[in-house]
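To keep things simple, chains are lettered A, B, C and D as they appear, and every chain counts its residues starting from 1.
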Amino acid sequence: MKTILITGFEPFGDDAVNPSWEAALRVDGERMGDATIVARRLPCVVGTVQAALIAAIEETNPDVVIGVGLAAGRADISIERIAINIVDARIPDNAGHQPIDEPVIEEGPAAYFSALPIKAIARDLREAGIPASISQTAGTYVCNAMFYALRHYIATARPALRGGFVHVPLSTEMAARYPGQPTLPLDTLAAALRVMAATVATASGDIKLGAGTIA
Amino acid sequence: MKTILITGFEPFGDDAVNPSWEAALRVDGERMGDATIVARRLPCVVGTVQAALIAAIEETNPDVVIGVGLAAGRADISIERIAINIVDARIPDNAGHQPIDEPVIEEGPAAYFSALPIKAIARDLREAGIPASISQTAGTYVCNAMFYALRHYIATARPALRGGFVHVPLSTEMAARYPGQPTLPLDTLAAALRVMAATVATASGDIKLGAGTIA
Amino acid sequence: MKTILITGFEPFGDDAVNPSWEAALRVDGERMGDATIVARRLPCVVGTVQAALIAAIEETNPDVVIGVGLAAGRADISIERIAINIVDARIPDNAGHQPIDEPVIEEGPAAYFSALPIKAIARDLREAGIPASISQTAGTYVCNAMFYALRHYIATARPALRGGFVHVPLSTEMAARYPGQPTLPLDTLAAALRVMAATVATASGDIKLGAGTIA
Amino acid sequence: MKTILITGFEPFGDDAVNPSWEAALRVDGERMGDATIVARRLPCVVGTVQAALIAAIEETNPDVVIGVGLAAGRADISIERIAINIVDARIPDNAGHQPIDEPVIEEGPAAYFSALPIKAIARDLREAGIPASISQTAGTYVCNAMFYALRHYIATARPALRGGFVHVPLSTEMAARYPGQPTLPLDTLAAALRVMAATVATASGDIKLGAGTIA
């Protein structure tokens, strides 16, 4: 039996909810073939997200970690290609800190590519009727910091673990606060997590699928 | 027993489906309080849409008409405020015609405001958790032509009839063909039509609710 | 000798400048063939803009009026097709008033089309290398109110006068306050006003040029 | 006397011009304090851009290299933070090749941060009235490949060289082919290159300036 850890984030900024956690909670405990999903919530705090992530990994002993975060303004499930070693916070985090141009991990390399089959995930989401794309940037805030910390942990401490990160849009349920912004219902976001869990539970490598950007 | 006629459009351009009709079909025959919804599909043809609309009205004898069309790129249910007396087609219609700067109806006035309680509809959609806004333009294509023809028919032939128009986003089910564009699932679009039907079945006037644009 | 009155607006909202007026001021007094440009600044106040406009017309006795306003977020010179008889203010005007769903002019018709050759203007701007498009909505704020008042005045009091409205983007000079928004330099905005003045000084009618929107 | 090499690209896709090269050519040979700008044009070809870049560096022996490329859809000068070791081409390059998920340089690290003072450049551009922002992704096409190759060359062969990359918007002069897209005039783009050249000619380090993105 495999374990797939899906992490969401607590709310941040002015929001009372975070669809990354709401969607993760909906699939917590579900079975996908021979895999079980466990969901854990992470703090939106640069200084503690890494320790909270590692604690969740040590507690649940997963085979795969799918980090999930909110990207207001994006219209689809965006599967992140790369985590970069920088924090440049546009707003203070939930502990009130706003680091500018500090590394996620001192002495870490500039970046890590995702250790998930990102193109296979994109294909499977689209085949399930869920909008998906590859993203070339996870930002420079807590989401990217968590993604980088996860990949650094895999690279330096637990090489058999696989893991990566996806951003989800605002939920349709939050739309009243974000006029004109694209949204997807929580039902769709939860369905997307199920598809991703099925893909990572079975994929043995990635596929070739064009998904680049000119700039 | 009241009758609410909801019209959708056949597909146009390169699309094989039109979510305006797919959503309308889902609610065809449903009851909302003492009202029944009937759905009819209209041609995406400037030269015949008016006659098809009037035929549908004469056949179903509705109390209210809600025209529905697709607006790719918009993120929410956009309730149209005004229909204008112009056709300026960006692409040929389904009969291959592409009028430029021709009136919808010769001798008609420049525009008609919606004869639906647009602000009450926006409020009720939002209270139901469905993203909604007021739009100041229904475009210059078949949607606007149908909306204008409907309002002109009300003004000149059937003053007791109420009617207006809403645009819906691309459906999530179509998203693979529209990377990066906002979408909403057909379930959400159908739910929106139910909310609107309930509002127009009972509303006795509109409300004051700020929903303007600076430009 | 013809006179072309170009009006700009005073700043509104949080801005210290308004590029519509800055651009108009740059071309004030210039000659285009046998026409002279005169520029006047209008208040961003729903309740007084109409009287200020009429006073400016009576003072300068123009052959053509080109109203100019700011549309933050638009990328090009957008030539407005239609003025509608509604004020629905998203923010208070400079007198602190915020009307919702009130007519610009009681008893006025729903809308007026521009009395300028909008397609010829679009063509001439593009030929001059200046981005331009036709817009189907001038919003529901002071710009639209001025445009409607101008057209109503032409229709009811001064039928030989021609007039219409264009929106300009944010100026590049203002960009620091609007990260990520499209802009054009004031030089380009002033050049656009010169092209428009030349077009309206000589045009004897409009041309056919597709410039519609599907929605 | 210092030398600042500014590279632009030849046209690609359906365009007859590339504003990155047109702007670079305008400042070719200009002096900024004790520095001289030299401009060179690079091929929009994944397989040859690296060799062409190194040849240009060996020929001109610069102290600083500023790579410039076109990013249609962006509204300002976007100063790239990081180059990543991937090519995922959305369209074929000018040699007809379209690599998918291939490294820029086999055995190279996942990414390199810019070796230019990106925040000081952003500050100086803004102080000059030119819109500027920090970008977290240079895409996955030839621009990113050139940027990565430049940084790898600095890291492995010429550590005293400094260098990085900026994307420019579509030029206003190209706007007719890109309706609705943000643009800046070539004059503004050339002015931006002058400001950047002055900054890199004198800067001795970067500054702290918040410029992050949440996602």
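Assume contacts are C-beta pairs under 8 Å (C-beta built on N, C-alpha and C of every residue); 3 or more make two chains touch, one makes a residue touch a chain.
Chain by chain, the UniProt names read as follows: A, B, C, D = Pyrrolidone-carboxylate peptidase.
Remember, predicted model here, so these are calculated numbers, not experimental data.
Participant: Find the chain most remote from chain A, comparing centres computed as mean CA coordinates.
Facilitator: C
Participant: Suppose each chain is reduced to the average of its Cα coordinates; what separation in Å results between chain B and chain D?
Facilitator: Averaging C-alpha atoms per chain gives centres 47 Å apart.
Participant: Could you grab the centroid distance between chain C and chain D? Build each centroid from C-alpha atoms only and quote it in angstrom.
Facilitator: 38
Participant: For chain B and chain C, let me know how many angstrom lie between their CA-based centres, rounded off.
Facilitator: From the centre of chain B to the centre of chain C is 30 Å.
Participant: Two or more other chains touching the same residue: where does that happen in chain C?
Facilitator: none
Participant: Are the chains arranged, by touching, as a line, ring, star, complete graph, or other?
Facilitator: ring
Participant: Mind giving me all the chain pairs that touch?
Facilitator: Listed by label, chains in contact pair as A-B, A-D, B-C, C-D.
Participant: Which chain A residues qualify as touching chain D in the complex?
Facilitator: Within the complex, chain A contacts chain D at residues 69-72, 74, 81-82, 84, 86-91, 98, 100-101, 109-113, 119, 134, 136-141, 143-144, 167, 206, 208-215.
Participant: Mind pulling up the chain D residues that touch chain C in the complex?
Facilitator: Interface residues on the chain D side: 75-76, 126, 129-131, 133, 172-173, 175-176, 179-185, 187-188.
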